Each structure stands twice: as structure tokens, then as C-alpha cells.
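Following are the structures in question.
Look for chain A in each of the two complexes below; its partner is chain B in the first and chain C in the second.
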Partner chain A sequence: METKEIIYCLKKIVKPYVQNDLAFQDFGRDTDFIKDLEINSANLVDIVLDVEDEFNIAIDNDSMDNMLTVNDAVEIIKTKQREQ
Partner chain B sequence: MIGNDVVDLELAPRQSNWRRKGFLNKAFSAAEQELIHTSVNPDTMVWLLWSMKEAAYKAHQREHDLPRRLNWLAQKCKVSVLTLETASGEVEIENHTYHTTSEITSDYILTSAEKNRGSGVKDGIFEASSSEVKEQLKKRVSEEFALQNWEIQLEKDRFGMPFLTGNDGFFFNRFSLSGHGRFYAYSLSLINCETTVKHS
Partner chain C sequence: MNRRVVITGMGVAAPNGVGLAAFSEALKKGKSGIRFQPELERLKFRCQIAGQPEIPEEMLQEYFTKLELRGLNSSGIVYGVISGVVAWKDAGLPVGPEAETDWDNGIIFGTGILGVDKFREAIHLIDDKNTRRLGSTSVIQTMASGISAYLNNKLACGNQVTTNSSACTTGTEAILMAADRIRSGKAKRILAGSCSDSGPYVWGGFDAMRILPHQYNDDPEAGSRPMSESAAGFVPGSGAGALVVEDLESALERGAKIYAEVLGGHINSGGQRNKGSMTAPNSEGVKRCIKNAIFDAGVRGDELDVINGHLTATSMDATEIRNWSEALELKAKDFPYINSLKSLTGHCLSAAGSVESVASILQISEGFIFGNQNSEDLHPEIEEIASREKVPEKSFFREVNLVAKASFGFGDVNAVAIFSKFR
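What follows is the complex of A and B.
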């Protein structure tokens, strides 16, 4: 899957949890889920679960550890898809 | 080092469905899930454990100058005392133990965590919108800690952790701020506070 496509899917996944709409307008690789979008910490669990469902992958705990930005998520998704 | 976390109990169930498939397994150990499932009030137990983990991790982050991590399973909770209105316990993170105390009301759960007990931490909670929080916080801290002549400012470090600065570039490192829904809560201790210049 192309990076662009992944980011497009991530944007849809993240949207319902965003607390800072202004930062969401600039959604891109460098967007930080907590610092920029101010997503509530419990909703980060939802995002991990939504990503697993959408991309049909399993995100292990070590990978989840570092899923702080859109870029982190893209890299994790690509790695997991390659492993399958 | 100290950390705190507040959960707005009116907002939490609207924002998160912890009963969703897979949710508990991402954040809670088998022992913690057992506590949740055997609790007379599972919702309260989920958010109590959650706030313990978050408060302890903030203390851990400050202690070791760490970035944020999504590693709730690495934070192991033990609840030693639980009443209808309070809880206390411990959270272990990578062989470091943080002591937690929680206040439970029908509106919120407020937990503060500290590495060393009895370090003079004062907790405060107030209702404010995000645009009012800085002013309210400054007012409350100035009053409670008799710092009326200080120019208190709220800032964030490179990891997004909030800290307070006072006069002449001093900063209060034993500080934590948490906001959720209607509530903002702070923990602050001036005892053993290294009020040195912070370069972020």
C-alpha cells in the first residue's frame, strides 16, 4: 500500500478522536497524535484497534509503544503488512 | 518525582468504550482485568486503574526525562486500599515503584503519583475551559503556595510535559497538570524542588 493511501486511511480513522480541529487541518506525516491533535490517551487505544481492523494487521506491544505520530503509524503498518 | 491524572466520569464513557473487543488486552494485564471483572463497579475500576497508570507514567517520564510512550502494559497496578471515595496503591514501571493516591467522586477520579511518599505534594482540581486554564492555574498556585509576587507561567518541555516557571527563569519541576472534560487538576510540591533554570 502506498504511503499516501495509508495516510488517507489514517486520517479517517483518527478524525472522530481529534480534540484540536485546527491542527487536524494540517494532518500529515509529522502530525503528533497527542501534542498536535490533543487526542485523549484512552482513545489512542481505540486508534490502535481501528488501525488493526482497517489494515488487517496485529500491532504488538513494542510497536504500539512508539506509535506517537502519523509517520510512526505509517512505518508500523508498512512493516506489519510486509511481514504478512 | 510526581505525576497526576484526572478522568471526567461523565465524559469517559461517552469518549471510550472499554468493553470494545481488544481494548482491555491493549492496556491491562490479566491481574488488572481480573480486578475490573470482579469489581462491583467495573467502570470505576477501569478508570481508576487508567488514572493510576497515567499519573505514574507522568512521574516516571519526569524522573527519567522520557518521551511519551503507549506502554500501559508496562505499568503494573496494585490497589492496596479501596473505599467508595478513595484508593491507594502502587504502580511499577521498569522496576521503579510509584505510590498513588486517588480521590473518587461521582464526577471524577483524581490520582496523584509520587516516587517518594510524604514529599509534600498538594493536589488541586478545578473546572475550567481550555482557554481559562492558564489563568486559573496561576491564580490557584499563587494563592495556595503563597507565591503572590511570582510571575508564574505555564510552559511545555520538548516532550510536551507542562512545567511552571517563576521569576528569573526558575522552574518548578515537581509539578504535574492533567485535564479531561470539565476538569483540570494539578499536583505541586515545593519541598526538595530543584528550582533551577530549565533549558528545553
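What follows is the complex of A and C.
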């Protein structure tokens, strides 16, 4: 899957959790889920589950802890897809 | 310091009406909310009828954000939030992200058990060794205080925010606890109420105890028969009721409408002695609770217009009437009018006290007494105590000044609240 396509899917997944709509307009590789989008940290758990369902992958605990930005997510998704 | 305490807002999600207007009309028309439940038939329950509020999809979207609705599987939270937000708005108080923390506002919103369907989901995932997939709301939907937490997310209360639990007295207890806190000057406004989940996982235990009626699966509306000779057990219900309990001074300052005054009340336990048990009340405790409530309110028994009893439709109904008669020293024609909401809603369990308190207060604010469905064959032991006309079958309009609301619960716990017209 191409990076662009992954980012497009991520944007859809993240949308319901976003509390800063202005920052969401500039959604891109450098966007930080908590600092920029002001997503409640408890909801990061839900985003991981949604990502697992969408991309049909399993995200281990270590990867989960490192998934802070869109770029982190893209890298994790690519790695997990390659491993399969 | 003894401040006067009034009710300035109400909301309800009852099996026979969601929202004050629909609920009030249901009371006046004797509309039942008890329906056949295919799910209970599928699961081979003896009793396959129950009372469950009907919440349309648009209403969910009105009271919950899209994010809150994701994975929401706690009917008690749905009923509690809808009734609580309706009550708060009804009182003219701010709701939503714009509301700022108000240190004088609190929440005492009780429940028996919360989010059983969500908890069942979690149990399945955990047993499948899939705990990591529970999501972020498993805890908040199943902690007892989840209901007050969800409400406060919308109401921004900065005073005490808690959840009480005392079986079927929970709702009445919440109102009296709120009134106590306001009387003592520790808060100005408290959202008091209670909720109870729907469904087989809440009702199953009662079915197993064989205290629910199994004879009315084909005729659900005839199933709940408080005070009737043919009463065969209580019909399980669910829902929520909410009341804004407010310091009179604050209500007058705000120019709030006042439904009624909370004159007083009493909460006690029979100690599970002297025929009191885990499931039956000690009559001495019940009578003390009634007498102390009347004393606390500063009224006389013969001033009561209406008793809204606990009266679930079991063999204990006659005992309850006898306890009222002995505590108030009134009988026959002098006995107050008496009614039980449960003929129309079933027994809403932990929500019963608050839903029935809303019904009690509507009788004061709108001037009517609602009738007891399915009481045409009044139990002879009851007719020996109260004149037949004191147990009306149909609703009628009449000025109502003083109502006693009683709730009794498993564990031998009692609560009686006295509501009056505000003067």
C-alpha cells in the first residue's frame, strides 16, 4: 500500500476522535495525534484497534507506544504489512 | 441551618413514555409500557414480558456525540443521560461544552448495576485472550459511577458527583441525599436520580428466583397487577428518572419554575431481623421510616393526599398497605389515595424510585391522581384496610398538595420522601 493511500485511510479513522478541527485540516505526515489534533490519550487505544481492523494487521504493545504521529503510524502499518 | 429545598427540573425515560410530556400523558391515559420481549422467549425465560423505554435513533444522536455512540452498549447510561440532560435543561441550567464548572452544582445519580451488556462483551473478549481489544470505554461504561461521570461530562458540576446504590430504594435515596446536602448548605443544586439497564442479564436472576409472573406472556399489559388478588409477581422494568433538587433561595433568585417542595423524608433499614430478610422488609423498619419521614416533613398523616407506594405486585403488597395504615393510624375512608406506577411500567428496579418520584411530583404540579391498572380484583386484605375508592382504577383530575413516595429494596432498606405543593 502506498503512503498516500495509508494517510487517506488514517484520516478517515482518526476523524471522530479529533478535538482540534483546525489542525485536522492540515492532516499530514507530521501531524501529532495528541499535540496537534488534541485527541484524548485514552482514545489512542481505540485508534489502534480501528487501524488493526482497517489494515488487517496486529499491532504489538511496543509499536503502540511509539505511534504518536501520522508518520509513526504509516511506518508501523507498512512494517506489519511486509511481515505478513 | 435548615434551608428549604425544591424541585426545579425533571426528566424521565420510562417504559411508557420518554420525556415529561409523553410520560405525563401516559399516566393520565393509563398507557402501559409493558411489552412481550422476543429475546426473553428465545432465552427460555419463564417471564417473557418487561418494561423498556423506547429510544429512537434520532434521540441518541441528540444526546450523545458521535464519538460517545461508538461502542456504546450500556442502556442505563443511555436512559440516565437522556433523563438527566432533559431535567437540567428543564431547570434552565447550562448543558454542553460551553457550560463552565459550577462549584455549587452536584450530581447524585444512582444505579444497581451498570453496563451489563458492555461487561458481557468484555468478558467474551477476555476469555478469548483478547483483552487488548476491549477499547477505551469498557471501564467507564461499566463502573457504577459511569452514569454520573457521563452526565457530568455534559453538566460540568464542581460539587459532589457520586453514584449511590441501595437496590430498589436507590432513586428515592438519591433525592433525599441531595436534599440533605442542600439543606445543610453544602450545595445549591444537585441532579438527583437513578437508572437501570434493560435486558436478560439484569432480569435473569429475578426470573430464576421465580418472583416474576409467567402467566401473562400472551397478554403483557395485564401482567403487572399491584394490589390485585391475582398478582403473580413483579414485571421487570428499566429506565431512568432525574430531578433537579435546588435550594429555594437559589431557585427564586434564578426565577426558576418550581414543581414541588421536598418537605422531608427518612432513610433506614430493618436490619434483616424480625421477619426482615435479604428480600423482605422488617415491617417495624418500614413503619418507623414512614413515621420519621412524616415527622421530618413537619406534617400529619391525615394531611396526605396520595401515597405512591412501592407496591410491586407480590404478596407483600397487602403487608405494605397494613404498614402504611398502622404508621399513619388511618384506615377505610380516611386512608389517603394510593397508587403504584408499576402497573404501567413494571418494576424499574434501581430506577424505580426516581421514575416514580417524577410521577409523584407531576401529580402535584399538574393536579391529578393516576389510576392503578389491573387492580379491578383488589386484594381482599387491602380492601379491609383502605376503602375501594382510595385505590382508583382510572386517573382523575384533583388538586394534590401532599404526596408520600416510598421505596423498599433488597437488603431490607427503606426510603420515604414527602413532596408538597410549593407555597
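Convention: the second predicted complex is superposed on the first by the 84 of 84 C-alpha atoms of A that agree within 3 Å, B and C clash if a C-alpha of one lies under 4 Å from a C-alpha of the other, contacts with A are read in each partner's own complex, and residues count from 1 in each chain.
We adopt the following convention: contacts are C-beta pairs under 8 Å (C-beta built on N, C-alpha and C of every residue); 3 or more make two chains touch, one makes a residue touch a chain.
Treat the numbers as computed from the prediction; the structure is a model and nothing was measured.
K.L.:
Considering only the touch criterion stated at the top, classify A:Ala23 as touching first (chain B), second (chain C), both, or neither.
P.N.:
A:Ala23 sits against neither chain B nor chain C.
K.L.:
After superposing on the shared chain, does chain C or chain B touch more chain A residues?
P.N.:
Partner with more touched residues of chain A: B.
K.L.:
Considering only the touch criterion stated at the top, classify A:Leu49 as touching first (chain B), second (chain C), both, or neither.
P.N.:
After superposing on A, A:Leu49 lies in contact with both chain B and chain C.
K.L.:
Using the superposition described at the top, list the residues of chain A that contact chain B and also contact chain C.
P.N.:
In chain A, residues 42-43, 45-46, 49, 61 are touched by chain B and also by chain C.
K.L.:
What residues of chain C sit close enough to touch chain A in their complex?
P.N.:
Within the complex, chain C contacts chain A at residues 66-67, 70-71, 132-133, 135-137.
K.L.:
Mind pulling up the chain A residues that touch chain C in the complex?
P.N.:
16-17, 42-43, 45-46, 49, 61
K.L.:
Sort out for me which residues of chain A touch chain B in the complex.
P.N.:
Listed in rising order, the residues of chain A that touch chain B are 32, 34-35, 40-46, 48-49, 52, 61, 64-68.
K.L.:
Please output the residues of chain B touching chain A within their complex, sorted ascending.
P.N.:
It is residues 12, 15-16, 18, 20-23, 26-27, 50, 54, 67-74, 160, 180 of chain B that touch chain A.
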